[in-house]
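This report refers to the structure that appears directly beneath it.
For clarity, chains are labelled A, B, C, D and E in written order, and residue numbers in each chain start from 1.
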């Protein structure tokens, strides 16, 4: 995944162009269709797109879920058979969309993305939803974990899901997508705590890189979550598509997204604070290293000089001025006395500077 | 307590699921019920949940306080007997909620948290309130310090509390929860002042860690206080649940929360400024250490070289060019003269650079 | 003064508790009362609180000014005789209030604070005002500099103050309190300029502490000024208490507070920039010190080695391979030649690196 | 291109002065005119300005595109023949305008700029648009890549462009200009990723300069994109000039600009984080260098002193106190023993400090 | 000029005090009066204030321009003869005002300041304007560059200025004042670019001071420009004083101020980024210096020790254990072999660490 995780048509392409970039993408689509009301349920897995058509016109609620990378035939189907707006369908193809909700006449189009851990990195996967009066079309990849439990609940005649309309199903999907932020944040929180311990204890060379990766994840997640807040806010005001009882649930979802964002901002603050201690711990360590170097150097450099002096070869026989110390009976002990004096003086100086 | 201090149902759980995570949590609940008006007071401690039921239907104001971790039977009681909304009850179980207020038909649901010092760390404890026309249900842990004084005041027939409705009781509890921020902030302020003295005087190795912990506390407290500001603001506009005379008091609470936030932001600014002086004091110290090292080294290294020169063994007998200085009568005094000259020159240089 | 400069009742104290913390505070209050209109003036200094009572019911405007720490009797007087709201009176006792204005029926309550230099530190002193239809009660400490000139102006029958109502007097006091920010800011500006010169010229060890104290003062002042902006804004919309002609003057005060805040933010930006140059000047100085150390060390360390080599005692008589240089006729000059070469080479290297 | 990329008339020039700065700018203008409706199309390339005049009064939609630097005659033509407002025409000349839209009676004036890579640097090129009821005048340099595809689409009778009015053409141009941000951002994203790898792996001397240039590009791009957001927002509310069906498309363009800004802010955050790791990696490297220096120095400096001691020439014949060690049978092995002891001691010390 | 560039009356001075601080300021005022409409023009230079009086009551538009420091007589004239509001006149004296516009009954009062380069520093000069129905009073110092061209245009009967009212003249002056920001910003932009080159190439000791001064200028300019944005915004909504055709021009001025602010914020961002590279370039340089020191030191310090060992005087005659190496035939070549080995080993180590 590159940093610029957005697909786009080259500038100048006519708006609403619904051409799949590369014709060779022919990964099989997996289409599931459910036609239900409180009494009846018809459920078909792995049908063709054309087989879904008749269900839409029935009086029951119809949910068509399409899993896989959008193909040209899917795109044609969406624009031609389901008569969805080309601008919305274009957004389904050009993944990397910002979460948003748009209303086209009697269809509501919402696009969201949710974070998935992939190779230890957070990746955003796009999910598109078209909500009409009594149908819902959902398009997304790797969506088994979301769809299967819902299908099971559909089969349970006593579940609330059966007795309510497509707007409730729409809510359940959006709620699932938004709640994905919680485990992701929980994992990032654990990483931050582990980093905190490492930085306070004994920061290594790769600590800062690890901190950077957590920050990068937070930035990615932030780009995903902020627009979702707006999205839910917009949904809560869509009185046309959502019944009052469903909007109570959307308020709950709004609450969840606010909590996620709260947590996110807290983590950002914390990671900034961790960087500060990391940098200062480097400085502290440097100071300590330099202190040792300075103490040892300034202790021994003068001593080495004194020893060097008495290693000189001035000819003591030429004059009494030439290094008479060498001839003294107690010259050597005197030398050690001088050394001791120097060392003591320097140690007193260092102690006064509180260097050890 | 981990950084991610929120409990949540796994994504995909049906909304309003009121299942307590672990069935084994069977800590005994302590239920207190008070049925009162200006004239009468019935007060029962440690009753069963079922025993509270008849009081709600009486004409007097009823306060049911439940202390302890929510059990499955409590949850059932709340949803079934008291007919509280499942989404609200779900928030009671999933602690770590953001402070918020929500209106479900004729019940007002508020959830707050307040800071408690635990092992020197600030911990947030959740408190939930359900306010109806003439009843109040409050749920929270370790709430003795809040509830006992209120109970005593209830027993005093002349107290304002008796003559007013449940909305006033609701206000008193919220006010208590919010005022908890004051002693916490006072303690943090004292810590910051002590850190300021340490950093300006003689910062040690753990100073930065201590500063980081204060910052972390401030971040935690901030996450607790900001949503409470909104909450009080919302309450002040709830004309249905609060009488005008109670709303005057809520304005006072709003004032308190604003003052707490003010203080909090001041502390954040201060801790940022303290980090700046800490870092610069490290640099200053380093500069001083390096200056000493440099002065001593650059003084003695040339001297050692000169002494080294006259310790060489070039054979003076081979030619008059070979170290004639060693043969001079005043060679040794001349050496000391050279040393003196070098030292003086270097000292002048250092003085001009203002290094000592 | 501690960082947490707020007095508060312990959480759980009934709202509107007007109990002075410590009963021993019995510093004598100094009460002044002025009863005036355009024609008449009655002025009494150092009266008792009870003596003020009759003036309030007169048709003239009444100004009661109370100087000193609030005592229990004052508090009782305010709540009982003047019938001021207990919540407002509570705020008079609990000093350290955020500036705010509140309306209680037909009384306007405003609390402000103004900066005073004390021991070189800025201290905030609280001032409370109660404005009724034709009376004004003001409570504050050390307020001689404010009150005396106003009293003198009151005695001047031609002054605007006499011909206008209590709202104009209220405005004059608020204006004085807010204008106190100007001299304080002027002093801080001078300090910042002096710090700028010091930092650019020759920053010492205590420069950063001084800068920190200026920043701390700015933080304190900011906490004082921002709420005052809101306060004046609120006052400007109080059509009930202020006549149109007075509100023109309040607009002028609003202008002053905006200018103070402008200045304050400018100073904050500047002090941030000063910190940056301070830190970089430390780095520049360090670089210079290290450059000198490196130049001297790398010059002399190789030389010392060479001198050391020729100080070795390998026995030249054992073989012609053992230090034949020592026996050369020109060995010593050759040594100096080698030294010169090394030094020249290193100097060229340093020059190319622009190190001196 | 200089940092201040704005042309302006000297202060005091009468407003609406439409004087081209330098009369010598006589680069040939390339004028293209298209007169079209669903049935008919008249297309002329490289016509004179005067030749365009009759098309405007026709019933068909007229698009006049002018490519090149504005000349005096063009300016006169715009103000006199087309009767466009002088203030708007002044903005066409004074390039470096902030994107904006202004309404002059029955003409809408919009000015935008789009980023173009020039010599590896981002340069902003201004594009001006005048939209009337049935005409569109567009002025811009190097606009072949935009205009040619549109001309081709105009020649296609089945294209949406033919069947819709000038507002749709206006939208297509604005959409193209705004979509130019995508490839630019994609390139900057790639640069940032490459920088991230370099900084985490082995940052060189010019890494920081490269990072600075990316930041500078982001600043430039930001200055270009933010006002465009406002511009599109304004256009979406222009019900007079844009039909409902065109405004649906503008909503899509708004979405694109929001996505660009989102990306931009993400990149800014990332580049700030990269700077942090760069700076800390410098510190880490420094620490490592200093550690090696300190370990080697503190190991060998004491050793050199000891060796120096036994190189002294105190006369052992004068007294038994003078360096008796030199006369010992095992003096030399004892010396090495001492050395070994010292080295071991220091290594233990370093290991305890975790320095290697 | 000091940092606190504001004149103010001491707190407690009655509002609207129009007393010029120091009576000795008697710099001659230069008063110019122009009485004009489309047909007639009366222009008098250097008249007395009293001579202007009759013109105001004429039916023609009257412009009185006063150049110089306000004297007491001017102040009296403004308040008494022209009957301008004392609060506004007070602001004329107390220079250093924040740009603002205020409406006093039928007079509009505006005060602005514009940047002037003085001794290489930006200084703000205040300009005050009183706009009535058919008169304009303008007061400012050193205003020749503004007033003279306007006077010349007034004398041109065909100029738009003559045919329009005082509101247009007012706009022209405000536009001139605001456009002064462009050349100032252009100069600062050039300074920043020059600093960028210096910092990237070879930053010196005064680079950071120069950057600080640019930042300080930006801060000053910012304090001047931000309130002007509000001011123009306010003017645009003053339908009473400005005709619709003039308000179109004010919109253009608003555009200019927005562009200035845009530029300003860009410069602030850039100067922050420049500081970052400056600081990191210091670190890079330090690293390089330390690397050289470390390489040279760690190379030669061990060598010096080895040379020191063989300079010791252990008596080889006492035992075969005492420095037998000195007696070896190839002792000296072996010494050099050891040296070579050590050097090679260290160089390999440094190369592996990529230190040279």
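Assume a residue touches a chain if its C-beta (ideal position, glycine included) is under 8 Å from a C-beta of that chain, and two chains touch if they have at least 3 such contacts.
The model shown is predicted, which means the values in this text are computed figures rather than measured ones.
If you lay the C-alpha trace of chain A over that of chain C, the rotation comes to 145 degrees, to the nearest 5.
One inter-chain figure worth recording: chain A and chain E are separated by 40 Å, centre to centre, where each centre is the mean of the chain's CA atoms. Here the spacing of chain D and chain E, counted between their Cα centres, is 25 Å.
Each of the following residues of chain B touches two or more other chains: 279, 283, 286, 290, 293, 297, 301, 304, 308, 311-313, 323.
If touching chains are joined by edges, the resulting network of the protein chains shown is one closed cycle, each chain touching exactly two neighbours. Ring order, beginning with chain D and continuing to chain E: D, E, C, B, A.
Residue ranges on chain D touching chain A, taken from their complex, read 145-146, 149-150, 153, 159-160, 171-172, 175-176, 179-180, 182-183, 185-186, 189-190, 192-193, 200, 248-249, 251-252, 255, 258-259, 262-263, 266-267, 269-270, 273-274, 276-277, 279-281, 283-284, 286-287, 290-291, 293-294, 297-298, 301-302, 304-305, 308-309, 311-315, 318-319, 321-323, 353-355.
The residues of chain D lying in touch with chain E in their complex are 2-4, 6, 8, 10-12, 14-15, 85, 87, 97-98, 100, 102, 104, 202, 205, 208-209, 212, 215-216, 219-220, 223, 227, 275, 278-279, 282-283, 285-286, 288-290, 292-293, 296-297, 300-301, 303-304, 307-308, 310-313, 316, 323, 325-333, 335.
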